[in-house]
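Naming follows writing order (A, B, C and D), and every chain is counted from residue 1.
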């Protein structure tokens, strides 16, 4: 059994990770941690997330910088479901010891330090780790992930977007003079578990935000290899992302070429499902799947692709499990699909 | 025109009051105030509540204890949509001047100081005002309200409950050995406009709270004249209250007696609607109505009454307007129903 | 008073129309009609839409082809909130008599009969009326509407889209080699008041539909004067539309030019509100407004415009009232904004 | 492996059963059936319930009376997630063969034929089977269930209510002169998967229904052993039931006696969770648990108990699995909790 802990288990992604590790046949959920500053330190997981009451009811142990190094020696696998700043600050202590690190924060996703500072609001000081970190887009970077000691698990919007766009980009099916237009709607859990007027029940109502300036835009562009227009929205539901992507295809691209590109990329992959109808959020909520469906207008060459994921699972926790599976030599979907 | 201001206009009830005063033919919406401590001071109403953008877009002027007295001399009518503590602390400065005060907080509803301290967590120091304050249950206390200078507008749950129960109690139709059982579900706006984990979109899900200890229980009991069991719940909707009330009727009470009691109480009242089917929240959301429907089981003598209101309107702002109408000699429903 | 009736008053748009006509100072709500086939015939409006119980509680009179002609002689103004087929079939009897007709269906919006048949599934047989009908985009076609006897009130998606795009198109700010990309999410009331598995509470979840083939696409293109990609979605809310529109601007277009275009189009118009933040559905739900906000990325020349309306009001009933106001010589927003 | 089929797999409870049987280590999901009349006959489960696309994607085979008998010989275990009328009509053919039958309909729950006809609207003609059927309240009737060949799995409201009330009734803690008052709110999935105006998204809003006449009232009373007042409500959420139960306790009942009664009934039972805070719907949605919490007012002797379940799982499918587990000699929670 691979001895595993989760740091930042009190948040929504941390809670999902706890459940996935708990039911995984090869990973042992050995401990849960939260920052010593957290109001949740000392409570049990089931107190904060009552769906786990009496079942995955481990205590949330306090952790700070002083015990990180020892921690990293005593576990095989550490999931970090922590704020960007915490992951950035703690990574030097955590890396290079025994444990493999799966970081669900944004601290190690953008390789360009200038761009990082622009979008995250603080300077990156871990050059070597930033260079070495592998981007954990599990259905595309299997080989790199299987050798990584630090995996930067992708954000929720990039996962939905890249899964839809990479087959097209890899096959040169996108007209390079038109940016792909990504419109995505996320459930409120994407904002994290915290008190905030913006995410209060009475205030939430479908709304665009971060327009032309969201930090997931460069992440998508970097790993896609071309620029995009990305407009995120907050939706009035708890979990899930629906991304509707409009692409001008390159000259003379046929429906068959598009179908071939998707099938070649995902045939036999139990996680990415090539649907036969437009996916809705509820088709994937609570699941590790990314559902895709598309339609081409042959007259104009415009293509619409819809991608649906659970933001807390395929957009966070279950993709982190895929990465951990790959790193430890298991099938990517182990413990996720049966 | 009756010169009117609203103190505490940044909250949900304050916003509704602004709209109602704005469209009232006899009240002039002259100014909006918030506490100097409020982060909203200096902003416009339309910035905080964008439904009013460009329309009722008055500034939220800062107010503190020093200018209360002058304020009360310069307005005819002041609505207080403030926290209990603020209403309690400020009332001495506000009362006894020119303005009539409509207080939407709980500071002057419970006459017994010991009970007040038990349920509100602080001592009441305004004995005279507390004794003189009139409870603004507008469909029942018309005469007292029309002579009051300080009206304690009822809470949302008590309004829904008392409107349903008072006709029964007044006609001695309730078996005095069984407490009426009130189960009520409120929309999240009842918790006010504030950042709080409990009212965040991701956390809200139908749940009981304040069981056997909510401060609206003594308010209901006092103004009904008999004890009740009151169990409030938070529901996953923005506004409205549905109260389902189970009553053991006194011996031999007939359906006709119950119907007579309700008709006698509310016939011709355009605000309380005696329905012919079970009301739902959406029937009254955004309206000043209290909808009632009931059914008696003649075999067992148990009666179920359902009462539905908009918690921010009949449970706050529109009832305050009813009170102001009565005080200034207008019909109770002026500006509310046309 | 202008004697007014509504045909099709049992649906959601019909109900909204009833409320707006009822409170309008110059229109008299004289009668409500439904098809003789309707299960609602003979019921009262308040039975079907209990928010109107006891208030706008007119009977829903049955109507069929035989009495249309007489009807049109006895009213000054008729609103048709009927299915496309009914409007198409009945219009010959209704037009050319005394009444001005406001048709909220899609029967007279698309001028090209071939395109109409393609998108509506039946042949158009009223050539003359189709040619004469005026498209009721109230904030743009004031003059034509003020002389029309048959107004085809626009669909909800086209209203949201055209209000956002026409100022750009009129000022040649759109790059003609890139289609504007419209992603819009509608509340479920857009599907009408009917039993359907797709719009049942348990099935609704954010989902695209009608992709690259929705009948509002040609309507938008025709009245905009350029082609668009339009992707509608069903959202898990009752009312409202949020349209997020991505436009590649023409070379060297500046922010100022865009602002000027919107201000020139809508300055002083109380219905179209140029916001200073991203509108959300709840800002316009229950209102006659169209809220707009936008952002340009000067580096890439892409512009994102968000447009929000209430689909039943600005997207149906309140825009029909605007048209009626214009036709009878009143200010466009009379009875809508005060 | 126990060869298992599900009849009525196209509905919501049938879909949940499919998932539970699929992942159960001892049950083999061998076939899914729907009525030959069903529009879903011939489709795959994943077409109708896309969460199962590509995973539990069995065809929905048509079944009618002619092949029931053969069916019952070829399976070990049959789940019936069918309408009451179908279960009633088909049971003679199904019973007495090889298969054990778990009936999720209401056809075999009420033993009194007169009461059955009153509440179900048709006469019961299977006297012997009705007498022999065992009521599948899994946490209470283990022994009977383990010997049954026909189990009438309880309704969702009775499961929530009886789990809360039986420990009190068994220990004589309820004042027999006051009926327990059950107020319960169910998610819309309780109404089944079908087109209906009442369960359309636009119409659903918290509302009481079936007041003093719902067919689950006699079911609760029969298996509790005392009469109750039961008021069901439809809530604006997809799944889950929250039952708030008010009980007048017998004279001098202490908090400790109540706690003892619940602990004695459920200590060590992983399905019924005695919580330390008020459960909400989301704590149990998607789970097999019944969560209980309570509070006594020692001054008045009134007790409030809240019970929360997932109506499709503990209120249908997972309780049916518990029954099947018991019948085949496994632990009640096998395949449900790990």
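We adopt the following convention: a residue touches a chain if its C-beta (ideal position, glycine included) is under 8 Å from a C-beta of that chain, and two chains touch if they have at least 3 such contacts.
Bear in mind the structure is a predicted one, so any value in this text is a computation, not a measurement.
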item: Pair with more cross-chain C-beta pairs in contact, given B-D and C-D; value: B-D
item: Farthest chain (mean CA position) relative to subunit B; value: A
item: Inter-chain centre distance, subunit C versus subunit D - centres from mean C-alpha coordinates, in Å; value: 46
item: Euclidean distance of C-alpha centroids - subunit B vs subunit C, Å; value: 37
item: Between subunit B and subunit D, centroid-to-centroid distance (C-alpha), Å; value: 40
item: Subunit D: positions in contact with at least two other chains; value: 236, 279-280, 282-283
item: Touching residues (chain side subunit D, partner subunit A) in the complex; value: 23, 47, 50-51, 53-55, 270, 273, 275-277, 279-280, 282-284, 286-287, 291, 337-338
item: Subunit C-facing residues of subunit D, complex; value: 12, 187-189, 191, 193-197, 199-204, 236, 238
item: Subunit B residues touching subunit D - in the complex, by the definition given at the top; value: 177-179, 181, 183, 185, 205-209, 211-212, 227, 229, 231, 233, 235-237, 240, 242, 244, 246, 248, 278-283, 285, 295-297, 300, 302, 304, 306
